[in-house]
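What follows is chain A paired twice: with chain B in the first complex and chain C in the second.
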Partner chain A sequence: MDDFQAVRDLPILIGAFFVLTAAIGVVRFPDLYSRLHASSKLVTLGSAGIFLGVAFALNDAAAFTRLAAVLLFQFLTTPLSAYLIAQAAYLRGLPPILGDGQGGGTDEWGALGRADEVAQADREALRVLAEEGLVDEG
Partner chain B sequence: MSRLTLVCLLAVVWALLLGEPGVRNLVVGLGLGVLIVRLFPRAVGARAAPRGAPDLRATLRRGAGWLAFLGFFLRELTVANVQVALLALRPRPRLNPMIVEVPLRLRGEGLLTLLSASITLMPGTVTVGLSRDRHTLYAHAIGTADAEAARASIVRVEGYLLALDTPLPFPPTGGPA
Partner chain C sequence: MIINLALGIVTLSVLLVTYRVLRGPSWGDRIMAFDFLSVNLVVLFALIAVRTGYLVMLDAALVLSLLGFLSTVALTRYLLLGRVMK
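== the complex of A and B ==
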């Protein structure tokens, strides 16, 4: 291991650890909503660690600036896709598994009771976008 | 956010992506930024800069607010990752999943977008929906003791964003672009 470089390999190891736990979480957590916690949070930091290690390995200014841009977009887009998946699942009527016998565990959104309200809001948003000519109607 | 700020931001992102923040790339980036803001005024929602002299005090205060939020965000992101990693590895994790309802004081599409995105990356919570009037946020929570604790962590994020109540590049709810 004479070519081990802490500054280069440590971020990659830490990143790989988080990506691994993300995979384990996705398999072990009970439902889609819980799994999103693993796939959004852990993958964000995990890939950030791997990117950082790669940038150190390349040891090039351009690699660091691209890394910054990539991280920026990752922080912007990962939550967005998690949000879309969660909301789509809820609106399609996938009930979340609630509680595990201790405290809390409620669905304050109302057991899909307000899904209609959200679906209505989505239709409204689509109508506004269509009026602006940004999407095709229907 | 004013159009000028947005164009400068786009130029910086462009230079970062090319990997060489030289003068030429920044100039090309500025050109592209102007083009994008001109072509998609509604999509990016940039406003013209406010008239009159810029309020330096307010700008500095906002800058400090952004830095405070960034520090808070990075700290919480780390905590969130360790927490979810522990839950994933523990033999019998106490997930205690639930969906909580949080009344919002924060207004403005841009800041609300930032809030929902941050919550997804912060400990215990993932954003699932916003009410139609944008006054209520629904989040899925795991690893928190009860609904009150989950709500408190979201209200804490909101507190940081309330201090920056200048709209991001999106029109405010219901208002004209």
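== the complex of A and C ==
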């Protein structure tokens, strides 16, 4: 590490750590919604760190504008694509794991008690989509 | 060198997530892992730009991030609506 420069290398190291953490979360978490949580949030932070470090390492105006554009675009689109995937999977009937997955658990937000209510709202949303001809029933 | 270490870590995460693309029980998992891979490839391109000094890689990263989001939107629309366009 003879040429270690903190302002350049520290953001890259932190970003790489967060990207690896996101990958481990995507592989290890139990259902789609928690995996989306890991991938969208951690990858946003990790790629931001790496782009910042790369901008300092290249130290060039053209590179800096391109990296800023990529970073802004990632910040705009990563939550949006996570939302789209979660919405599509949920409306297509993939149930989230609530509580501890065996019907127990802490139920901190009262989600287990409102499961029927939520399912009713989902059926309503699918029915509205079907009336507009956007989705095939079922 | 830190860049080499970061390249190795990001490549390792790409390999880990490829497991989720191949295995991932539902289509939502595959689309999510695919989106993750496209973001990771953007990061990898930025790191390669530093490693080799080819600044053209940053243009490739910009285009790849645009295309990655577009393909995610198209895939989720296909999953939800059964078609991509009206």
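By our rule, the second predicted complex is superposed on the first by the 100 of 138 C-alpha atoms of A that agree within 3 Å, B and C clash if a C-alpha of one lies under 4 Å from a C-alpha of the other, contacts with A are read in each partner's own complex, and residues count from 1 in each chain.
Methods note: contacts are C-beta pairs under 8 Å (C-beta built on N, C-alpha and C of every residue); 3 or more make two chains touch, one makes a residue touch a chain.
This is a predicted model, so every value here is computed, not measured.
Of the two partner chains placed by superposition, only chain C is touched by A:19; chain B is not.
Applying the stated contact rule after C-alpha superposition, one finds that A:84 touches chain C and leaves chain B untouched.
In the superposition on chain A, contact is made by A:9 with chain C only, not with chain B. Of the two partner chains placed around the shared chain by superposition, chain C is the only one that A:58 touches, whereas chain B remains out of contact.
Of the two partner chains placed around the shared chain by superposition, chain B and chain C are both touched by A:36.
By the touch criterion defined above, A:96 reaches chain B but does not reach chain C.
By the document's definition of touching, of the two partners only chain B reaches A:72; chain C does not. Counting contacts by the rule stated earlier, residues 17, 22, 24, 36, 46, 60, 62-63, 66, 69, 78, 80, 82, 86-87, 134 of chain A appear in both its interface with chain B and its interface with chain C.
In the complex of the two chains, the chain B residues touching chain A come out as 13, 15-21, 42-43, 77-78, 80-81, 84-85, 87-89, 93-101, 116-121, 126-129, 131-132, 138, 140-142, 144-147, 150.
Looking at the complex, you find that chain A touches chain B at residues 17-18, 21-22, 24-25, 28-31, 33-34, 36-38, 40-42, 44-46, 60-63, 65-66, 68-69, 72, 75-76, 78-80, 82-83, 86-87, 90, 96-100, 102-109, 114, 117-118, 120-121, 124, 132, 134. Of all the residues in chain C, the ones that touch chain A in their complex are 1-3, 5-6, 9-10, 12-14, 16-17, 19-20, 26-29, 31-33, 35-36, 39-40, 42-43, 46-47, 49-50, 55, 58-59, 61-62, 65-66, 69, 72-73, 76-77, 79-82. The part of chain A that touches chain C in the complex is made up of residues 1, 3-4, 8-9, 12-13, 15-17, 19-20, 22-24, 26-27, 32, 35-36, 39, 43, 46-47, 50-51, 53-54, 57-58, 60, 62-63, 66-67, 69-70, 73-74, 77-78, 80-82, 84-89, 91-92, 94, 129, 134-136.
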